[in-house]
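Going by the order they are written in, the chains are A, B and C; count residues from 1 in each one.
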Amino acid sequence: MTAKPTLTQLAQQLGAELRLVPGADADQSVSGLSTLQDAEPDQASFLASANYRRFLSGTRACAVLLSEELAGECPVTALVVDDPYHAFACATAIFDIAPRPAPGIHPAATVHPDAEVDASASIAAGAVIEAFARIGAGVRVGANCVVGECSEIGAGSRLYAGAVVYHGCTIGRDCVIHSQAVIGADGFGFAPHRRQWTKIHQLGGVEIGDEVEIGACSCIDRGALGNTVIGRGVKIDNQVQIAHNVRIGDYSAMAACSAVAGSATIGKHCTLAGGAGVIGHISVADGSHITARTLVTKSIDSTGSYSSGTPFSDSRSWRRNAVRYGQLDQMARRLKELEKRLESLVHREGTED
Amino acid sequence: MTAKPTLTQLAQQLGAELRLVPGADADQSVSGLSTLQDAEPDQASFLASANYRRFLSGTRACAVLLSEELAGECPVTALVVDDPYHAFACATAIFDIAPRPAPGIHPAATVHPDAEVDASASIAAGAVIEAFARIGAGVRVGANCVVGECSEIGAGSRLYAGAVVYHGCTIGRDCVIHSQAVIGADGFGFAPHRRQWTKIHQLGGVEIGDEVEIGACSCIDRGALGNTVIGRGVKIDNQVQIAHNVRIGDYSAMAACSAVAGSATIGKHCTLAGGAGVIGHISVADGSHITARTLVTKSIDSTGSYSSGTPFSDSRSWRRNAVRYGQLDQMARRLKELEKRLESLVHREGTED
Amino acid sequence: MTAKPTLTQLAQQLGAELRLVPGADADQSVSGLSTLQDAEPDQASFLASANYRRFLSGTRACAVLLSEELAGECPVTALVVDDPYHAFACATAIFDIAPRPAPGIHPAATVHPDAEVDASASIAAGAVIEAFARIGAGVRVGANCVVGECSEIGAGSRLYAGAVVYHGCTIGRDCVIHSQAVIGADGFGFAPHRRQWTKIHQLGGVEIGDEVEIGACSCIDRGALGNTVIGRGVKIDNQVQIAHNVRIGDYSAMAACSAVAGSATIGKHCTLAGGAGVIGHISVADGSHITARTLVTKSIDSTGSYSSGTPFSDSRSWRRNAVRYGQLDQMARRLKELEKRLESLVHREGTED
């Protein structure tokens, strides 16, 4: 469904004010979106960050989404909006070419007779829907996905090829779950016993709110007792690991390779950058921002930005400094000793300067 | 199979001493398990850590698994055991509601005529069992799993939906392999040649002992020459990466996102916390504990706990300190110079104090 | 296809000079490859690193691939080559026993009538080929793989069981994609709007060059606008994450668990060691080497080796030093203050020494 709206239609759909340059045609159709630098004359573009302002004057786009302040600089037709980045996001939905499968159950899918699949849902080839699973209206289950017993997929959600939902999990409405994501595998729980491990069967489930997106190869484990809970509007990137009984607050976002250990609680509106980690049984305050690769090892009580790690450098300098890291405590003691000795020396000499 | 044992039956199954509070009924059925705080009156609970002792007096559970020392404080029926955490683990097996598929090959599964599948095994829809694979007694292969040529799954093992075992791999008895885990993909081996890479075909396999659990999206590569070997009773969490020719000793445990590079050897009874890493061609002594995100870069010869990394803090303080990290060697030299100068100054002045 | 070449044939295929020891038979067949230490008398071995030279004298291999310089020390038949490691890599191809599926579409595969599958390609059970996908000559698509609409798999490429290629992606010739790898999932793009997230639909695709290998559970996201591009001959290990609009230059290699954030550019002939990371919107110069777990936070302009992180130690020492890390800036200031005070003291006292 490659829509080709006219400039007028596009403005209308985005709530933008259309300011045509002389010679422009409000009925010109727009074939797609591109950056200011790469746009062809049949594509629209956007200016959402000062970093790209320098590309505005040279753009070949037929129209540019931008703010009132910068509209005057626009050499082509302007689509003036309050928030150009948000307007751009809305525009991408218009031009999205992702396949939209037709409703119905593919003959090569396997739907258990005790499962309930809404007539408007689409179940692709190779998908397996197990007993008592419920698939809501307009849901699209991709090829070779598996939805386990008694699990529920809310209306409008989409599972891409190969995603797996274990038994007894609940996915909200309008969620997107990418390929190879795993919802509801066992949490990692074992009791040590005679130098071996006794499995703690994971009796809880997973509960995912509405409008959640979960990236490829991400894992959200089921709870040990009680559920693992992902709040409304949470966005999770690829290869993210969320352990049993974690709670992620509404509208938080977790970039690729971030991880949260068992029973930790992440507040609302938090962002975890790529590779950030949170250890188990702690909590992170609403609105916290954790920078890339930071490991949070204690509860965070107040909103803010938090970091750990060392800067990178050429390996040779790094090696010299890294060796000193192992001497830091000793260095600190020597520093203190020096201060004491100098103090006593100065004291003996009389007042300094 | 939601079992509902009576208190008497539960005590019996767990080897616990039943101490009924006045008014309690030994024939009351127990419907499940919960924490001390959340338990409903038809649920049992447990007290395994001093941290939760404060919740004991207020619990509504019908019975609590705990040790002799704390039994006197228990306001409800006590189930007295030597090791409450282990007893709790055993109890979770009783209340586990994970679906138990019936034996047989689903009509939508594909089993190669040259494969051997035990009559008591269960092969779910969409699973593919390739030529000469052998599936043991009571094995449960989940939907859309793939077991490659000549691979073998030992009796009692369970593969959850979408798990993949390549050709020529051996999985022991009573193993659990979660969704999207990959056993036996090629190790990462390439010889540099004229600024390109020549593939080193990976001729070995993977050999997994009995009672091993492997988490979702974890990868265990096949050996280059000879096998990658996972010992008996090893427990591996999600998104763990084990490279070619690694050996993991019996009963070691690896938390999520940990990784071991090629040809490294991890001893028995080791624990790697979340995100821990071990570089290639080194060995880690039996019983070592590697803390979260630590990167082990040299062999560890003696049992102990090992760590690396920096503490986290607010980003502003972190930035100030991180910059200094790049000056550490220079700081160490300046410190030494100061010591020398002070020494010489003191020496010139005569004895200090 | 377990080839058993004779020594003469093996030498011929590898371009090696055969130097028979007395009593050896040039027509002896070689059954496989092993290390110098483990080789049985019917196996060949290789010596490619000085570290293993000590095993040469005791080897039981029937022949050893080695260089002219070491040929004199070889107690068994020598296969003399310029580059023993490369010759070994070539030899592994000869002895590879990975199953070679026959051409044809398995009856349990689902190929859309509008897809184009070359007659010489092999499509395994449970694989799903969607509309307008094109599968080239000799391609082998493993069990339960999914190739999305309009995607293209170049001649000679192999997808292992469960790999997923989304719609609109192009894979070059002679690529290898391992199980659970995901090519073309949505990049992680959301515009903040009224404390919620508006999805930026990802309108680009993925473009993968010839002779690329991609490991198990690795993810290469589709571009937001324009493509994510993986150059020719790039080798990617397991659990690697490549975000939208990244570009990886020809013949670069990325070890397991490495990650590159959005719109970053990695040059040609780079190597990223295990767990290395590169943040978004920066570039890394051709030929750079990033060591294990290093996080690259700024563009790298010149070839070299780059590192970050701290050395590991026993947890007790580590804890002492880690605490000091949080005091580093303060220590640096105190050091500077000491230098000033000492300077002024010396100055007051007259010249030092």
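One rule holds in what follows: contacts are C-beta pairs under 8 Å (C-beta built on N, C-alpha and C of every residue); 3 or more make two chains touch, one makes a residue touch a chain.
Remember, it's a predicted structure, so these values are computed and weren't measured experimentally.
Trainee: Examine where the copies chain A and chain C touch and state whether the two sides share over half of their residue numbers (same) or under half (different).
Mentor: Different: when the shared numbers are divided by all numbers used, the fraction is under half.
Trainee: Between chain B and chain C, two copies of one chain sequence, what rotation angle (nearest 5 degrees) aligns their Cα atoms?
Mentor: Here the rotation carrying chain B onto chain C measures out at 120 degrees.
Trainee: Taking each chain's centre as the mean position of its Cα atoms, how many Å separate chain A from chain C?
Mentor: Computed from C-alpha means, the inter-chain centre distance equals 25 Å.
Trainee: Out of chain A, which residues touch more than one other chain, so two or more?
Mentor: Residues 126, 144, 162, 180, 217, 239, 257, 309-311, 313, 323, 325, 327-328, 331, 335, 338, 342, 345 of chain A each touch two or more of the other chains.
Trainee: Would you tell me which residues of chain B are touching chain C in their complex?
Mentor: Residue list for chain B touching chain C: 110, 126, 128, 130-131, 144, 146, 148-149, 162, 164, 166-168, 180, 182, 185-186, 188-193, 195-203, 217, 219, 221, 224-226, 239, 241, 243, 257, 259, 261, 277, 279, 289, 291, 294-298, 304-311, 313, 317, 320-321, 323-325, 327-328, 331, 334-335, 338, 341-342, 344-345, 348.
Trainee: Which positions of chain C touch chain B when the two form their complex?
Mentor: Where chain C meets chain B, its residues are 32-35, 38, 83, 85-86, 88-90, 92-93, 95-99, 106, 108, 124-126, 142-144, 160-162, 176, 178-180, 213, 215-217, 233, 235, 237-239, 251, 253, 255-257, 269, 274-275, 292-293, 309-316, 318-319, 322-323, 325-329, 331-332, 335, 338-339, 342, 345-346, 349, 352-353.
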